[in-house]
């Protein structure tokens, strides 16, 4: 077995590095840049039952070390995704992770039921944490019981394992993780974006037409690392980690914190060739550091916990 | 295929207040054909600024594998770009998007090229290519003031050129539409790039039967993958139909997208 | 009245710009750099009943656009602060905001009672949000009822107005703000740091000895702006805003979001002269933009809310 | 008063693998007296890297208003610092902290100066000042290997100089303590700067009655205001007594702080 091959519920991955949902569309554009077969998987753009236009523009703004987005889940709707996007993607040897969104439980259930039957969809990613839509989305991501219930309902209809995407905008991330574990989740993906805002000093108005947006990029990496560190110690679910990854060292850091795979979002914009570069880079890192398999690193920051002085009070 | 290349700065010159002319050399130039496409620049290797900056191709010199951009140094990214010196390299993604269709104008036609501010640059390569094709070009360039104006002489060498400035310090006082009206300019086809209010005014004026406009929108990826830069279509202004400025545009036929 | 003079509960400020708690000690060190009288106020380092050493080192780590700290509330204790630090500070014409911390309600009450009697202490800042201590701190900052109760108890003994410092590590910041308003708070200060972590890729261990720490600096500014924007529309309390301020434009942005004064934390480390520079810079900005008084900007991003297209779903 | 100044780079030279010697010019030099103090550098104007970097003063030339630092380019900040060229300016805060007390050694005394890696630089100015005072200096310098070693000749010009390298490629194979033992070095006073394990070994060895060590700690402010860099005192190793490395140190008498 290669140093990178990774087994996760539903997913046999050539390597554990994949683009994060919403930053890679359905792969068509990036296929003009490189052969998508090099990827471990693709987390496709959130799919809702009906087509959505999303929010008015401007939808993105730059921030120190990060960016805000308020796309508003624009997507062509379930039918087109199932009939056009996924079949197109089937030309690649890629297990697809389908990001599922909605405004109410029924929406999620409907999308999950249908999309999980598509052959190249090997797992679902329940987007209970999108901060950019008024209804649903974030409420599911901040109330444990709501999240548990949604997970359970989706699990009942899904043909493939279900990963739940956690929102970082919560007081207690472990509680949320445990709730969805309780609801039957097969895995976690974390983190989604932090809710943020920028105001244009010249006009006095928020830069984003939607006012608030989701903060992503290197700026949020310390929050992601902390949450994965905490959650990986308290649940048995595998975690696909994301939030600010842009270097090989970042990926190692996510593994050390407790991730079992990683996704790259915003960094695709700064460098659209970043995923293949990171895949090569991580392999080289493992060779250079004589690490037999990347999974050896997972959770090492707490597993090997030497008893160091640790007094807080 | 969309490529990324570390291109070398051949020259960087300040040509007006806050306006810079930057010439880069590299293989990517061989893929630059249509005028009005853009490149997506990473201005430094740091994570700040994080995003690339879209800048139009203003003129292409395939023989020497070099191309020129003209941009305003305003925010963090463009200010850093303005510090690049000859010999340094810049990370360029492109060419991206769909540009102005030169073949939409027939030899012998008259084309009206209307640019506002930093919308002027892509019209320069367009005008060169139209003239090569035997299309007569009339240029109307709008600026804030004389000291932020640029390339007026260069355009004059290609065809009649009219200038409008908001403060009246050069040419007609007012907007490009004032200049067009004042001089009673007419043409077979319109090509335009500039601020939205200008494009709206031109669309309403219905000066020509055919016309193409280039839009600006804040971008994430620049290649069509992130849905940052979408706009509604004119035929479905509140529905789910859309165009992406980065990959369907930035140039659209007049009437295709809702302004 | 000058463009900058600001009246807040308990505080008559020459200008609304002050160093944030924990980033300026008790002022002694910075007095070697410039005349502290130029400042609007000083938010002094958190004071606890007993002296505290704090956490083991390393206590700080750099992150993209920010930093993590896990000082652990090191301070000389109430008695020394009251007998040595505050009297030393009384040589300046400065209303002091005393940051009050503790592990349980009684601690806060005790510190508040005593420190609020010191003449140059014109307001308290209740630190219910310090993420770097095991007990107290953050629990008070994430449970609305706990925060309300603590505020009420402290209000009962305090001789001066009480500002409550909100933690951003919550699902619902407005709920927290309303809870402390209900408890009798006179004002809010926000935000404290986001809980984050960095792992040293070479050693595999968290960089901070305390493992997790508080994320501050420009990276968190969009979160601060968003929270102030939300809270300022939902409560009547004045807000002293902080979180990543390092430029004049940042201060304007905080005002537009809804702040009535601002504090500068991390930026003091990158440029120890930043406070006086910003005070001058903001005054010049107001002159250049013909703004009579800085308070005219407060909340402008939502007050002047022109009805723009706004559809999210 | 603590000052901040944009100092000008006079020269930047790579003197060993990843090791750079950087000389700056400016008024701040006039305040640099005691060896062992440090400056706090902002390596660029961007917000990344955010924090300043503490670097020791390695040699002072007041007459020409210039001073020299020697540093290892390792992380983000020091790598950016290594790119600075003659003529560019750097934002310098300092001099900060308390350095090595030269007057603790009497003329005629022998001082043992022990440095490890990037702890070597401040000992150079110290040795110069001790020699001026008539103190005999013996230097023991520890490095990883020959190719990361530096300033061996410069120290040799000031007094007997012994080198230890971990891989044995220069001098004694092993640590500075091995060299001290092997050569039976003795002195009246010890001055040392280097990694913690080295300082601990020296403290335990009790080579001299008097001794001073310089510590490293991750810093926030660098001036004593943020409590990032504190350490326990030896007399109260688990209590609330403390010293700040940045403002009480970085140099402490042996035995004052818990290592």
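To keep things simple, chains are lettered A, B, C and D as they appear, and every chain counts its residues starting from 1.
By definition in this document, a contact is a pair of C-beta atoms (placed from the backbone, for glycine too) under 8 Å apart; a residue touches a chain by one contact, two chains touch by 3 or more.
Because the structure is predicted, anything quoted here is derived from the model rather than measured.
Visitor: Considering only chains that satisfy the touch condition with chain C, which of them also satisfy it with chain D?
Guide: The common neighbours are A, B.
Visitor: If you average the Cα atoms of chain A and of chain B to get two centres, how far apart are those centres in Å?
Guide: 36
Visitor: Report, in whole Å, the distance between the mean C-alpha point of chain A and the mean C-alpha point of chain C.
Guide: Chain centroid spacing, chain A to chain C, equals 33 Å.
Visitor: Round to the nearest whole Å and give the separation of the Cα centres of chain A and chain D.
Guide: Spacing between the chain centres: roughly 46 Å.
Visitor: Can you pull out the residues of chain B that are in contact with at least two other chains?
Guide: Correct list: 47-48.
Visitor: Touching at least two other chains at once: which residues of chain A meet that condition?
Guide: 52, 63-66, 217-218
Visitor: Chain touch graph shape: choose line, ring, star, complete or other and state it.
Guide: If you draw each chain as a dot and join those that touch, every dot ends up joined to every other.
Visitor: Flag every residue of chain B that touches chain C in the complex, lowest number first.
Guide: Touch residues, chain B against chain C: 47-48.
Visitor: Could you pull out which chain C residues touch chain A in their complex?
Guide: 52, 55-56, 63-66, 68, 72, 103, 132-135, 142-143, 169-172, 194-199, 201, 204-206, 209-212, 215, 217-223, 225-226, 229, 244, 249, 252-253, 256-257, 297, 300-301, 304, 306, 308-313
Visitor: Contact residues on chain B for chain A in the complex?
Guide: Chain B residues touching chain A: 1-2, 4, 42, 47-52, 76, 91, 93, 217-232, 239-240, 242, 247.
Visitor: What does chain C use to touch chain B in their complex?
Guide: Going through chain C, the ones touching chain B are 64-65.
Visitor: Please name which positions on chain C make contact with chain D in the complex.
Guide: Residues in contact with chain D: 22-25, 28-30, 32-33, 45, 51-54, 57-67, 69, 71, 74, 76-77, 217-218, 246, 266, 268-273.
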